[in-house]
Amino acid sequence: MEFEENGIGEECGVFGCVAAGEWPTQLDVAQILTLGLVALQHRGQESAGIVTSNGACPPTYTSSKGMGLVSSAFKAEDLMKHRYANLGIGHTRYSTTGNSELQNCQPFVVDTLHGKIAVAHNGELVNAAALRKKVMRHGVGLSTSSDSELITQLLALTPPMEEVDVADWVARIKNLMSETPTAYSLLVMYKDVVYAVRDPYGNRPLSLGRLVPVSKFHSSGGGEGDTEGWVVSSESCSFQSIGAKYYREVQPGEIVQINKHGVKTLSVVPRPEGDPPAFCIFEYVYFARPDSIFEGQMVYTVRQRCGRQLAIEAPTDCDVVSTVPESATPAALGYAQQSGLPYVEVLCKNRYVGRTFIQPNTHLRQLGVAKKFGVLSDNFAGKRVVLIDDSIVRGNTISPIIKLLKEAGATEVHIRVASPPIRFPCYMGINIPTKEELIANKPEFEDIAGYIGATSVRYLSVEGLVSAVQAGISSHQDKEERITNANTTSSRKVGHCTACLTGKYPVELEW
Amino acid sequence: MEFEENGIGEECGVFGCVAAGEWPTQLDVAQILTLGLVALQHRGQESAGIVTSNGACPPTYTSSKGMGLVSSAFKAEDLMKHRYANLGIGHTRYSTTGNSELQNCQPFVVDTLHGKIAVAHNGELVNAAALRKKVMRHGVGLSTSSDSELITQLLALTPPMEEVDVADWVARIKNLMSETPTAYSLLVMYKDVVYAVRDPYGNRPLSLGRLVPVSKFHSSGGGEGDTEGWVVSSESCSFQSIGAKYYREVQPGEIVQINKHGVKTLSVVPRPEGDPPAFCIFEYVYFARPDSIFEGQMVYTVRQRCGRQLAIEAPTDCDVVSTVPESATPAALGYAQQSGLPYVEVLCKNRYVGRTFIQPNTHLRQLGVAKKFGVLSDNFAGKRVVLIDDSIVRGNTISPIIKLLKEAGATEVHIRVASPPIRFPCYMGINIPTKEELIANKPEFEDIAGYIGATSVRYLSVEGLVSAVQAGISSHQDKEERITNANTTSSRKVGHCTACLTGKYPVELEW
Amino acid sequence: MEFEENGIGEECGVFGCVAAGEWPTQLDVAQILTLGLVALQHRGQESAGIVTSNGACPPTYTSSKGMGLVSSAFKAEDLMKHRYANLGIGHTRYSTTGNSELQNCQPFVVDTLHGKIAVAHNGELVNAAALRKKVMRHGVGLSTSSDSELITQLLALTPPMEEVDVADWVARIKNLMSETPTAYSLLVMYKDVVYAVRDPYGNRPLSLGRLVPVSKFHSSGGGEGDTEGWVVSSESCSFQSIGAKYYREVQPGEIVQINKHGVKTLSVVPRPEGDPPAFCIFEYVYFARPDSIFEGQMVYTVRQRCGRQLAIEAPTDCDVVSTVPESATPAALGYAQQSGLPYVEVLCKNRYVGRTFIQPNTHLRQLGVAKKFGVLSDNFAGKRVVLIDDSIVRGNTISPIIKLLKEAGATEVHIRVASPPIRFPCYMGINIPTKEELIANKPEFEDIAGYIGATSVRYLSVEGLVSAVQAGISSHQDKEERITNANTTSSRKVGHCTACLTGKYPVELEW
Amino acid sequence: MEFEENGIGEECGVFGCVAAGEWPTQLDVAQILTLGLVALQHRGQESAGIVTSNGACPPTYTSSKGMGLVSSAFKAEDLMKHRYANLGIGHTRYSTTGNSELQNCQPFVVDTLHGKIAVAHNGELVNAAALRKKVMRHGVGLSTSSDSELITQLLALTPPMEEVDVADWVARIKNLMSETPTAYSLLVMYKDVVYAVRDPYGNRPLSLGRLVPVSKFHSSGGGEGDTEGWVVSSESCSFQSIGAKYYREVQPGEIVQINKHGVKTLSVVPRPEGDPPAFCIFEYVYFARPDSIFEGQMVYTVRQRCGRQLAIEAPTDCDVVSTVPESATPAALGYAQQSGLPYVEVLCKNRYVGRTFIQPNTHLRQLGVAKKFGVLSDNFAGKRVVLIDDSIVRGNTISPIIKLLKEAGATEVHIRVASPPIRFPCYMGINIPTKEELIANKPEFEDIAGYIGATSVRYLSVEGLVSAVQAGISSHQDKEERITNANTTSSRKVGHCTACLTGKYPVELEW
């Protein structure tokens, strides 16, 4: 719940679309991008942008950007401008304080000697500071603090523009990947192509989908001959809303070329010998939408499995199991199934509260989250409640909920957290509080139950989380990798980044 | 779900607050009104308004109104204007087409010979047309089509202004009640008093709450000596968010006076001999928030009981029970408990979709609700699903959901509806489609399952609904009525309006 | 200049339009109303509204209202709603503090027993308080403080609605006129007619215009057979911008009926025996646009004549004559012509300043009007300047301008004011500062030149103003009155209200 | 008038401010920048931006940008962010079609190896295309089409960043000036310095001002010891509104360093041997505000002199002289003075028209400028009018005005234009219609009087314009150049760019 309440951990979403077949297309590429971004809105609400191309030679690029939710960032007349689009990429940006300017809004477009490129990026380059210096030493001025601009300038710099006749963007992308190991899922649009790139560690997600005729969407699918276009997205949850079917994930290190002829793997850049992949485990725990598919498994199912594992690791003698809505619900249902305790709802959410501007005075501020939740006291009065949360990060939002439940008659409130305590910062793109703010690093953590007013508190173990995540992967993974004729020699095929839990980062950090 | 999707059945919410003790008060009355309205936002999103009074003699009234959600209707600087408020009333208005003007926004304030009154109203006067004629025949011009203005003019007309020295508002309110039997829950503010009035049939809800010091809110409660103020609201769900405790319902026909000295019943206007009360049964089925309390029982619990009753009346041989989120969830959990079938989630909601402005083209419009829901296929693929919905009104939104589930692998999809079919119009304030639009009145209803693509469809019976609603009432009701020294002679104490289901209206309709 | 700077004296503007010939009309009535109001924008910038009718039986009324300038009050899509309009009326409202609510925005529409009427009003009823009491004693609640609502309710009350079969609006309007002598220029729309009414004293202006085909607009005119429609406006300056030609003024006390068949005088309500008309003399001095025509003469010409008269009454021994732009320019040119002194510009206006939101800090606030004007020092450095202003009311804005001129090298700055000092409040619709705020009533007025830092200060005399105004009227007036078969017995045909200068009000004030 | 009506010729304005004395300053730098830009608003209304620095080491830069007028581009809370500013630069941008994006809004800020620089620019680099290629060949991607970004990247590129220890911005600015001869007036902010740069030809204006204590502003001035800060602006008209006094112009080719210690000339980059300066003559004719001072003379006075010259070159036998308000008024007064004909006003402007959104239908569109002007027919009916305009460019706006005057009774309408016909494009920053659109290049120009419906049409000669401009310069110029110890060897000190009139460009154009 704390992520949800505090905007912790929000990051970014990228989405691309290329119409298949002969152009000009009948697909409304800008609307597909917009709807795709709406389905990724949970990944970032600060700003949104799309850039489309007609794919002609030279191409005409059209751009729409704005602050806030997709629905307020674009106006209907903005979308009209894109009516000749045959392909395009889009981006939703996460919300940080202080740096919220339209000029940081992606996709970033720059003009180069070989024409314009557009870039949308999810992630954070672990060696961004060193790369910025390098670019600036070359005499380039950087107008934003965004990694996306840095990436565009790196792409423009090497190989030297003046020495080449044509723009070999694949060479440029490979060069970029050789300079920075992680974390990035990138979309690069150039003329009539969208390049979809995932870093060698696969830290950020990226999936491919296939647009099928609506008439066949609800049927069993149709062959590839029916393909109306290709989409690529941070999460597969965005496919259904635009009538696309899940195709496969972009593999770690893979460079996929998407154009009107289809999807083609151009290269798979390997990790250093012996390094496992490092897909962010918190995509499973919190960030992703429950209906997204990663590594062949539905996120919802993994969360449910975490709840089951939690019930094994930290059982309770309670009367009912419940959840802090909405993100912890699958884990709570898993806990209920495993423990055999009945699942009930103890809180209902007022979906309008979040939008109110009111700065309550002392009287009202003390009520805390009471404004956000209604208490369903009939369901638990006089009972012992085990409440499942997905994470406790700073520890300041669960406390008033426990008070509410006790005041409404819960005799005991046991907290079970379906993820381990966060103890370390993330340098791969997730907005996590400073080490000092994390409750797990504070003295109060010694008696966390007392601190938040719970009868007891238990977290899922790191091993438990990893096993719950990896239990559903292996067989699928092999199949996917065969699809992408990957000539990688990585010794292991499965692996996840647990740096924020363990302090073990997938690559050595250089500052 | 259909109510939720289509805005069917939205109505209005009223909220009032009076600071207790000596004035000027330290309570931020305008913020309490605002937060109270936010908690009633589900009852109407078209416009919002508050009017406050400093309660002095003569009083100064301050008014803020605006279109849209409470959060956009008022600006922070608007609320500043109310800083001397000691009491006030507020209103959220439901959304109808074509008549969406700020001047219809309530509360309605008029100046009379005896000073200004402010009126907020939830409901619809069944004989509004006749009353409008009467008022206009007297030579009054009516500037809006709202019942609220009509009520203010009726209050001003009788007894004749010129013949009385003082404003006997209770006499005026009683006279109003003698002219119109239902449906109204009214707040009337005059100088330093808020009168809370519920029509003799109790068709619309109205509850009283007591503001307690925040320091004591989470304790077991404190005596009445701790009362910081009184609130009155369409639904008790709004009390928690402003630090108030549920006190009791306003009884059918009751006129309650709320001033700084407390709450007092001035009169209870009886119904005609033999008429039972007629509280709108759809408040239980759909309109109210699940944590609201009516007739001594929590709405959530009633919905759960409806689900249990439905499982008895219309069992299925399925593998899993699920819900169309979010309003049908309690009924689904009740169905699961009664039937013993496991409860799973099959859909997750994209909470951002509703706000998007996009008018999709043909391609995308055909996807229908696919944009609003993610499919959690792992939870039901290869299984028989019984899907609980709270209502099927027009029958046009459940169909694409059934398609989605089948396409994702459900082998059977049985629909169970936790309320009976709606067949008749409502003349008491609920926005229901025309008789012709209601699926229950169409030939297609003969084979409703075939029409919507379900394996089977069953509705809850009227008797089942009524018994599920009334099962939890009686003992409580007696207690409440003793509180309000009601000298009514109504033969029956419990009764609900089921007119939209049965065509039996609580009063004879005169047009 | 002070009026211009401080918004003193703004009032309201009314505008009506009726399409001639067979309906439905091809005229875009809503656009004509909108452009007409834009041309009256100088009379009020707080809010604007239009109400149109299709003129059918029963009619459909359509209404658009909004805060601010006409250009922001209406949106393009608002105007679309009026596409079936055959007639309509509009209003721009002046800006007062504290009472700036959309619900006070005119035209006011009410539903009566005989159907809807719409009213737009410029002026202030001198006996409004007594009339409000009367209406409220009848049991009517008044929802606004506007005279316009009061007028609608008075129209609805008498003769008694219940006793008449048809709505005799002329009888109702005459009854209204019998109850209040001044000040009002009214437009009343009912079904397919606009009634244009001017109070018996003619205190507020009202003129009729004739819409001619654009093809003939620039020709010498065309006969009445070419009439495309009729317009009625507070000022004739609005006619040119919508392609209309000046027809005549509505006479004091006249009730004009405008429908598709043309313009017809229904009645001329006389003044009490011996009372002269009392057209507001400040319409000439400041309020009206210079190209408007009243009583047969152009306002610009009257202002120029005031300047000439001022040169006669208060000559100076200066080198150059100039003006505080823009309203005093005609008077300054008149002064220059009469005195033989050369006319130069000493200030240029920054037209963007007015729109800036900046609340300057101490440093910048002290600069006063320096922000609004550029100084054209070459034109007067080393010279003696006589600066013509149209009025000095509070005396707080001319002072910094004199400083600017002296600092830029003017050796002497003589102020000549083309109107007498304002000493009394207006009860007929003009927003004038309180008696205490008027510089003419303060001790400082003894040495006004010293107070504002001028070398000398002289005002135009009341007699001088009246003669400058009336010099151009008489012959014309006779002609107009013959047109309107006026059976009035008023002893005098010419007369102006100078109450704010002399304290002599046209009617006895009753409070 | 045509410039005014059509937005022809708008360009940009730059403004900078540095607080003098010890920092932190008490000056509200952001408000001074804002007011300064408001006074330059006539130079561009598309967007506005300011960037301030606290001048610390390293500095903190704060930026506010927005679309539209200054008053809508910045919000009050935006300005709060700048409360620690000790220096800053700002920009107003002109309006072109199609490229109106916030990301083109200046000042442009980039991060370089030596820290951030901010650049604001007025003008257009004549060799921009070649320079863009050069920069991109170096591997730099350009994210906008603005010359301002190009300038920042050129400044960053040379001398090579990697080879220098410190940022020698003067060397970098000189290098930039060696690569592009014109047209630019530049402000470059770096840490605690604003560099003010004017191109060697002095094509665009740039002036320095001195902020004095308000207490001394209206006195005769105070010595430099009273200096509170320094400002630099495209036009001196902005000085008065922020309490600054005109100091001097930045000389062609001069690089001025402004910091808290004062103003210092760092270098004066010479023009090629024999080349005269080339200050844009249309700054005098139209662009600049009349109270601005260039080359020691007030713009108003030059325009008046053009009017006098026009009266000599193109006399008429008319009854009255008048103007199309407002920009041609000084020329009209000059014409009147020289010719001895009386000056009258024939048109008054409706200042609200410009803001209205209405897209009139056929009927109303034909009325053309009739909506914008009121006709003061009394002043010219039955007379011969000579109407002075400042320019006729496309020739499509004067025609309906002539019609209006004739229709209102003018017996003859002679047009006299106070500038020569524009025949050639401008490549130095002015938005001029294409060669084909210019009336002077069309066959219709043969009979321009007939084409626009005038009795006769005459333009000022190029020689007449140049002599009217240069008549007031020489003595002053010498004085100024001595102030700025200019070691230039330019043979001539006075010269103006008349390229749009003659086709003779100040530098050879390379494309």
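Labels for the chains are A, B, C and D, by order of writing; each one numbers its residues from 1.
Methods note: a residue touches a chain if its C-beta (ideal position, glycine included) is under 8 Å from a C-beta of that chain, and two chains touch if they have at least 3 such contacts.
By chain, UniProt protein names: A, B, C, D = Amidophosphoribosyltransferase.
As the structure is a computational prediction, the values presented were derived from the model and not from experiment.
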Next item on the list: Could you run down the chains that neighbour chain C and chain D together?
Entry: none
Checklist line | Chain at maximum distance from chain D, centres defined as averaged CA atoms | finding: B
Note to self: Based only on mean CA positions, could you tell me how far chain B sits from chain D in angstrom?
What the structure shows: 62
Note to self: I'd like the Å distance between the centres of chain B and chain C, where a centre is the mean of that chain's Cα atoms.
What the structure shows: 49
Item checked: Length of the line joining the C-alpha centres of chain A and chain B, rounded to whole Å -> 38
Check: Counting only residues that touch at least 2 other chains, which ones in chain D make the list?
Finding: none
Check: Given which chains touch which, is the overall layout a line, a ring, a star, complete, or other?
Finding: ring
Notebook entry, point to check: Among the chains present, which pairs are found to touch?
Noted result: A-B, A-D, B-C, C-D
Next item on the list: Flag every residue of chain A that touches chain B in the complex, lowest number first.
Entry: 27-28, 31-32, 34-35, 38-39, 41-42, 69-72, 75-76, 79, 214, 217-220, 237, 240-243, 289-291, 297-298, 300-301, 329-330, 333, 337, 342-345, 348, 350-353, 355-364, 366-367, 370-371, 374-379, 403-404, 406-407
Notebook entry, point to check: Can you list the residues on chain B that touch chain C in the complex?
Noted result: 63, 101-103, 108-113, 117, 132-133, 136-143, 145, 149, 152-153, 155-158, 160-162
